[in-house]
Amino acid sequence: MDLSLLATLRAKNPIVFNIANFVTVQDVANSLNSIGASPIMSAEPQEAEAMVQIAGAVCLNMGTLTTAQVTQMQAVGQLANLHHKPVILDPVAVGAIPYRQQVAQDLLQTVKVDIIRGNAGEIAALAGIDWQARGIDAGSGQADLVQIAQACAVKQRCVVILSGPTDVITDGQQVIQVKNGTPLFQLHVGSGDMLSAMVAAFAAICPDQLLAAAQMACLTFAGTGELVASQMTANRPATFAIELIDKLSLVTAEELENVSRVSSGK
Amino acid sequence: MDLSLLATLRAKNPIVFNIANFVTVQDVANSLNSIGASPIMSAEPQEAEAMVQIAGAVCLNMGTLTTAQVTQMQAVGQLANLHHKPVILDPVAVGAIPYRQQVAQDLLQTVKVDIIRGNAGEIAALAGIDWQARGIDAGSGQADLVQIAQACAVKQRCVVILSGPTDVITDGQQVIQVKNGTPLFQLHVGSGDMLSAMVAAFAAICPDQLLAAAQMACLTFAGTGELVASQMTANRPATFAIELIDKLSLVTAEELENVSRVSSGK
Amino acid sequence: MDLSLLATLRAKNPIVFNIANFVTVQDVANSLNSIGASPIMSAEPQEAEAMVQIAGAVCLNMGTLTTAQVTQMQAVGQLANLHHKPVILDPVAVGAIPYRQQVAQDLLQTVKVDIIRGNAGEIAALAGIDWQARGIDAGSGQADLVQIAQACAVKQRCVVILSGPTDVITDGQQVIQVKNGTPLFQLHVGSGDMLSAMVAAFAAICPDQLLAAAQMACLTFAGTGELVASQMTANRPATFAIELIDKLSLVTAEELENVSRVSSGK
């Protein structure tokens, strides 16, 4: 694992262009700012190309999509492809809502997505595997989650991050598992959106090493959350979110190395 | 009062579909999550029916309405009626802005609203009573507020929650007053929006007992705020909001019972 | 400096109508509420005039503009001119994105803007001075910033606030410098948006003394931030934002006078 990517990110201060979920957009902006990136958000097609040009990566979040936003996502995604900027897709609720399944499939056909970040239900849906969108934690074991992530990566030809108590990262062959985290992430709305934006920030600084970027983003986010949770005496979801954003600006590579529980294989 | 509804809510984890106010949407989402419900937000008509079908209740918040959002509210409200899901309306600023008065009246004619939650000025406007939208706290006593709430409930044929230092809950005949709370609620933007969403969460688990749901939502929200405020040494509105969301995930029925100041009559 | 404006603001509780940036809108609303003003937000043209009529000032924030929002900004700005309500413009990223430069110029031609609040790159762009939008802190000294602010004020015929480590306030001739602040403002997304709204709140209570309003808004915001930062032991950006909003509701004119580092001249 390349822990030096954290210092690189903070030195380069990459701009991440987010087509955002309006529920969690402020947390996403602040978490990007805290880790050392710069967030920009825009819903206006006339400035899409200028935004893509100054950005280091693009993050398309389907959390509160509308048809106008879908059009914007396609335009921004295609511009990012043209300008060789990594595209990260967060297919929120794609397994639960048929319309979103259709939108995601259309997006994946018209835009070359570099990394998909979703939970088990979302990744299963994009892998074409039948999976109940609710009850994600019930039932299947970790081995299934690796297979689901790999199937999605092969089908969609990109890096996949299936996030959860363990984050599974794969390009279809190589598999990295980041076992850090805390159940407090589930208690705060927007944890997944923040992780997707974090992935975009790391992808912006090493667009040719997307597996390494994904791995370091997951370790940074999950490890920082774990460090914060270890100091808390009760499950306080709002305080956790505040302290998570605080700690993202303070966390060191050494701290992350010390808590890291990462395995890799094929 | 049925304090066991809190445990029921946490066990059932109902989905609340919010047509949201973009100013306070993150607080609404996090407060729903903390109490044990699941928030979903969507502005896209094509997924409205799927969202209504997976939801246990619908909350229509007029806080930052646009004509497009009004159309969406009508569609979502009618779908909720069709699928027998409770509809909660938060008529933000309906007493202050004539356009909103018109929108609310149109909504109330085309959608069967089950519960209206507003402040005194808003409920008075929907009762057809002349009332200055500003200066709500000046002047009239508690007796007037009960009459206003009852008049609104009779006129609109639904349960009404007139919230304030005392929350008045009525179906037009029966009157429940929840006297818990703290002035800190007024110092944080979005307290009312959070309460409306909380009402929707409780309505989702007992759609046939809306007075009980409304009562328990008001006690849970106001009582939790009172518990948080009792531990604070200064009026810190942002800290209050963080600790309120924290406490919503930790509060017990026993704690609420101990602080409860509720009266009922006709 | 007229420190009594703080007490006036809290007594009059002015309404500030914000055409808002959706990333930071909740912080803007809560900071206005904390200082003693009342925020309203609306994106609906049909209620624009009613909103302007009840408002004491209007704040147009270009942070996440769309063509629909630009149309709304022009209508609201013209209505504010008609009803003699001060108009504050926050030209977010106008120096970095050509489309925004065009939007700002069109707005400034069709609406009489009373105060522009931006960072060095934004103010330089509206002064017609070539300036790299990024790398604002690198390079030029304070003298240049005063000249840039004056050039913008002369060109746009309004009061200009060029905010940064030192806030430069000018009508083109008189120059006031508020040297309070903390680097923590840079670590939180939305600090500038909150300052612009604060300027609108003070302008609402003394529309005929815009330099005094701007000066007091800058001192209140920067001085409060400095007071908060002086109690912190590490750079915690999210905690800083929470405590900033808390302190805006508690800060006294005496505290601000004690930390004040303000100079004025021509």
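So that you can tell them apart, the chains are marked A, B and C in the order they are listed, and the count of residues begins at 1 in each.
Everything that follows uses one rule, which is that a contact is a pair of C-beta atoms (placed from the backbone, for glycine too) under 8 Å apart; a residue touches a chain by one contact, two chains touch by 3 or more.
Just so it is clear, the structure is predicted and the values come from calculations on it, not from any experiment.
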Worksheet entry | Angle, in degrees to the nearest 5, of the Cα rotation that carries chain A onto chain C | 120
Worksheet item: At the place where copies chain A and chain B touch, is the share of residue numbers found on both sides over half (same) or under half (different)?
Response: different
Worksheet, complete the sentence: Taking each chain's mean CA coordinate, chain A and chain B are separated, in whole Å, by 33
Response to the item:
Among chain B residues, those touching two or more other chains are 22, 26, 241-242
Discussion item. Which stretch or stretches of chain B touch chain C in the complex?
Written reply: 22-24, 26-27, 63-67, 93, 96-100, 187-190, 234-239, 241-242
Item to complete: In the complex, go through chain B and note every residue touching chain A.
Response: 20, 22, 25-26, 29-30, 33-34, 39-44, 46-47, 50-51, 54, 241-246, 249-250
